[in-house]
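For reference, the structures are reproduced in the following blocks.
Look for chain A in each of the two complexes below; its partner is chain B in the first and chain C in the second.
Let's look at the complex of A and B:
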């Protein structure tokens, strides 16, 4: 009897923290879905309607969705390709703690500031263009900021996300137990074999988390692609914002929001499934 | 003989590599992080009488004009005040909300606590802009859109996961025997909280407060939507110089203003905060 009462009391304690989060997240989701079907309008009548869903799948929508998806995927993969070998190298270097602290700086730089810092470097008269012109590789400065291919936004994202993945991967590799590595070495495995057979499989789940986290952050991004990315296509977040505030079409904006969540969930499940298959 | 020669040569290369590698890495890191910050610093000191344009690698003349202008003629002072006030209040609210929940998840063996630990990550995964737009709709309905209360509510929502995760790790790592000892010595609930739990919470509180503070300081999407038009913070001011009308010199001043508190907090974090809290905040799952 006593035990049972204590049990319930514990769940009550979850309300301030988890309850707050669940309430607002569910509320956002609910209003988003409801608005996509024509409810909760700021002005005019609110009634059930499918017209917004019929008209949301335009060329612009798919272009923007593809842009956000591509930028997110490239950022996550390029970052992990950069930071995995770097994390391996870092394990043995003297003064690695200091290096890691310095490397953490971009993580603490807000997205807008990061975007601005990198835009300065890659702009028409940024240092990269000046150096390339002085060295004679190019005659005219390249257009890297707001370029149609979205390289500017990609560079900013990679700059900000490499350190983030680095922290995760460094501690994951560091946590591989030494006795396991020693045992492998005693059994005659060379360095490459240890890496391939032991470190890689053990750290794969962390790499999975690192890639997913960066993918989601980048896919949801608004500020960076708005300031450093191309004018067309823009990010899917920006399209949602445009529909809501510039066109005053909140219902279509809600449809885009729902599609954004769906894409995110589908990708993450698919990716998790594939990675688990590879790990097995 | 030959074999020996090759071996010693290999040893030499490895030793050389051991010395060169840190230096190589250091220079990469300096270029990677130092140059962008230095460039922003240079831009913030450009004298408008001598514009800095394409072929010059460095500005011709430096002055404090931009800094004076931003502080004198823009709303930056009020926005800095807003940012710090919001971050401070958000941190306190997060702590109050997170404390009981983290205690329950960290110290009580609740059924399904792993599930709740995943649930509390939702605000980190939910698209910021979508949350801003549609939560904004609800807050508008509640009449708190454009008020401090509304902004604190959304800032709390995005910062709370950090505080929760760090405090949960903190509670989990507390030694049970210490708590038992206090109970055996006859400590009541209040004394136990004050004398046993509170001192042990402190490191987690410091770490959690730092992350919530930073998250609130740099939160843009939700502030931009829910705070508009009355509540401006440093990020929304920065956006106004970066977005539709790009003013590089002014943007660099505001960027640096936003960057400085974060860098100070990072240095403090490096000294004071245990790595496990860092891991908890950064999504080691």
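Let's look at the complex of A and C:
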């Protein structure tokens, strides 16, 4: 006779945590996908339709998607290039706890405030332009804020995300066992060889996680691209906002939301696949 | 390649803590020397000073006639087996073992040849592609050993390499280590706090306490003739009693001790001089009717506890308000609470003046 599986009542204790996540994440995802196919329409009839999907793939959409993708990728990569050697350096220097606390400040500054701070520095009449003009390097101020290439937004994003990655990388590098590094030195490895052969490969998975997390944070950014980014193209989140609140077109906005999620999932899957290949 | 190691007047402090104090000794080429002592006595610190991981405040480390103080760890040509094994977790067994040869830029042909030799020597053939986490403790230990010996170091260093293994495996691996070291003839410094391991494996044992060397002798001497109370107590079990010499004639002294009056052979004592006597439990022999007439140094007491140890019966006997430990034959018919007499030969008693 087959034994009936006993219901584990203990699982009910997970409801306050898991239930919250399941309800709000799954429910909002469901609504977003459904909305993209014409359901939950606030302004017209709610019925299955592919019209919104046909409307979404415009030049603007692709430009904004590319802008968000490019900014996110560059932010993630440049930040890790800055933060990795900084995290290595931090392991050795005296007073590193104070330095680490100072370096973490940007992480606790809200994105909008951070944008305004940086905007004041890179603005047409900002400190950088004033100094460059006074020193005679340029004749008239450069357009660094809301520049078409999005350099201003990129600078803010990097400033904001380096500390975030540093928390991950500093801990990862610190966790590399001293006896393992000593063993390498004992077997003839110099400092560079220890870095290349031991520290880098052991901390690579953490670096990949740091890159993925910053990519997703930046790809979904709204505030920084709105204040410091170019007027066109703008971020995909801005386009989503524009459709929902300016045009009142929540269904197209939902289509853009779905595309944001798909892009993130594709990127993370691809990145995980590549990192597994490297690890093997 | 085998080298003489000279440690000359080494001092090392950590803040206010004096970890090593005027440590000096010489290890002859090819010798297997063990640094033995309790936790915190400075043995691992000394090993790390020899490897170059720590800089001494005073003194010199010489390999042969070459002063090594300013030579960084990666240029010292030592190889160390760590207590934690310290295998590279992201590399396979093969990559771990070959690491030292790659760093030394040994040719690919030579690398392959040596890896094959060493893997056969430590019985790791077939495990080349495994990662460290896929190996048992004993296998990890052998990878660490292979990784160390493959570079043919001048000095081989072991930092409590067997402490993570179970008792049975520990015995097997220590024999393997000794055999491999013997066949390669590499000068070896081995750190342990396990006195049985030290006695079983070493040519020379250096006992350390509080950052100083207390005694340096071969295993038999350090066990049978400890120079201090600390060494007698730390290495094996010992019955230690203070005593006063009352008489000295020929090569025998008469000492009044807590266990009664004992005759002690070859003791450099003068009447009235105070000293400590050390008697190993296995050197006390219970007296029965057949051996009683010839007995000397007879001590009598009542058995408090009789503890069966498998290969012996350990008796804890109350003598003049002091407990004496005796290791008797395992089938010795002595019940708890009984009165017994036992004897010790004068040449089995060790006299310590400090």
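Here is the rule we use: the second predicted complex is superposed on the first by the 273 of 280 C-alpha atoms of A that agree within 3 Å, B and C clash if a C-alpha of one lies under 4 Å from a C-alpha of the other, contacts with A are read in each partner's own complex, and residues count from 1 in each chain.
Everything below uses one rule, namely that a residue touches a chain if its C-beta (ideal position, glycine included) is under 8 Å from a C-beta of that chain, and two chains touch if they have at least 3 such contacts.
What you see is a predicted model; the values in this text were computed from it and never measured.
Q: Clash or fit: how do chain B and chain C relate after the overlay on chain A?
A: Aligned on chain A, chain C fits beside chain B.
Q: So, does A:115 touch the first partner chain B, the second partner chain C, both, or neither?
A: Touch partner of A:115: chain B, not chain C.
Q: Should A:82 be classified as contacting the first partner (chain B), the second (chain C), both, or neither?
A: A:82 contacts neither chain B nor chain C.
Q: Taking the superposition as given, does A:189 touch the first partner, chain B, the second, chain C, both, or neither?
A: Only chain C; A:189 stays clear of chain B.
Q: Between chain B and chain C, which one contacts more residues of chain A in the superposed model?
A: After superposition, B is the partner touching more of chain A.
Q: With the two complexes overlaid on chain A, check the angle at chain A between chain B and chain C, Cα centres, nearest 10°.
A: After fitting both complexes on chain A, the angle is 80 degrees.
Q: I'd like to know which partner A:180 touches here: chain B for first, chain C for second, both or neither.
A: second
Q: Given the touch rule stated above, what does A:261 touch, chain B (first), chain C (second), both, or neither?
A: first
Q: If we overlay the two complexes on their shared chain A, which of chain B and chain C does A:198 touch? Say first, second, both or neither.
A: second
Q: Please provide the least distance in Å between a C-alpha atom of chain B and a C-alpha atom of chain C in the combined superposition.
A: 10
Q: What part of chain A is shared between its chain B contacts and its chain C contacts?
A: Looking at chain A, the two contact sets are disjoint.
Q: Residue numbers of chain A touching chain C in their complex, please.
A: On the chain A side, the touching residues are 177, 179-180, 182-190, 193, 197-198, 201-202, 279.
Q: Over in the complex, which chain A residues touch chain B? Could you list them?
A: 10-11, 13-18, 20-22, 24-25, 27-29, 31-32, 35, 40, 42, 89-90, 92-95, 99, 101-113, 115-118, 120-121, 124-127, 130, 141, 159, 164, 167-168, 171, 206, 209, 213, 216, 219-220, 222-223, 226-227, 237-238, 240-241, 244, 250, 253-254, 257, 260-261, 264
Q: State the interface residues of chain B toward chain A in the complex, per the touch definition above.
A: Touch list, chain B to chain A: 18, 21-22, 25-26, 29, 32-33, 35-37, 39-40, 43, 52-57, 96-105, 108, 110, 116, 119-120, 122-123, 125-131, 133-135, 137-138, 140-141, 153, 156-157, 160-161, 164, 214, 217-218, 220-221, 235, 238-239, 242-243, 248, 251-252, 255, 258-259, 262-263, 265-266, 270, 275, 278-279, 282-285.
Q: Please name which positions on chain C make contact with chain A in the complex.
A: Counting only chain C, the residues touching chain A are 51, 53, 72-76, 78-80, 82-84, 86-90, 99-100, 103-104, 147, 151.
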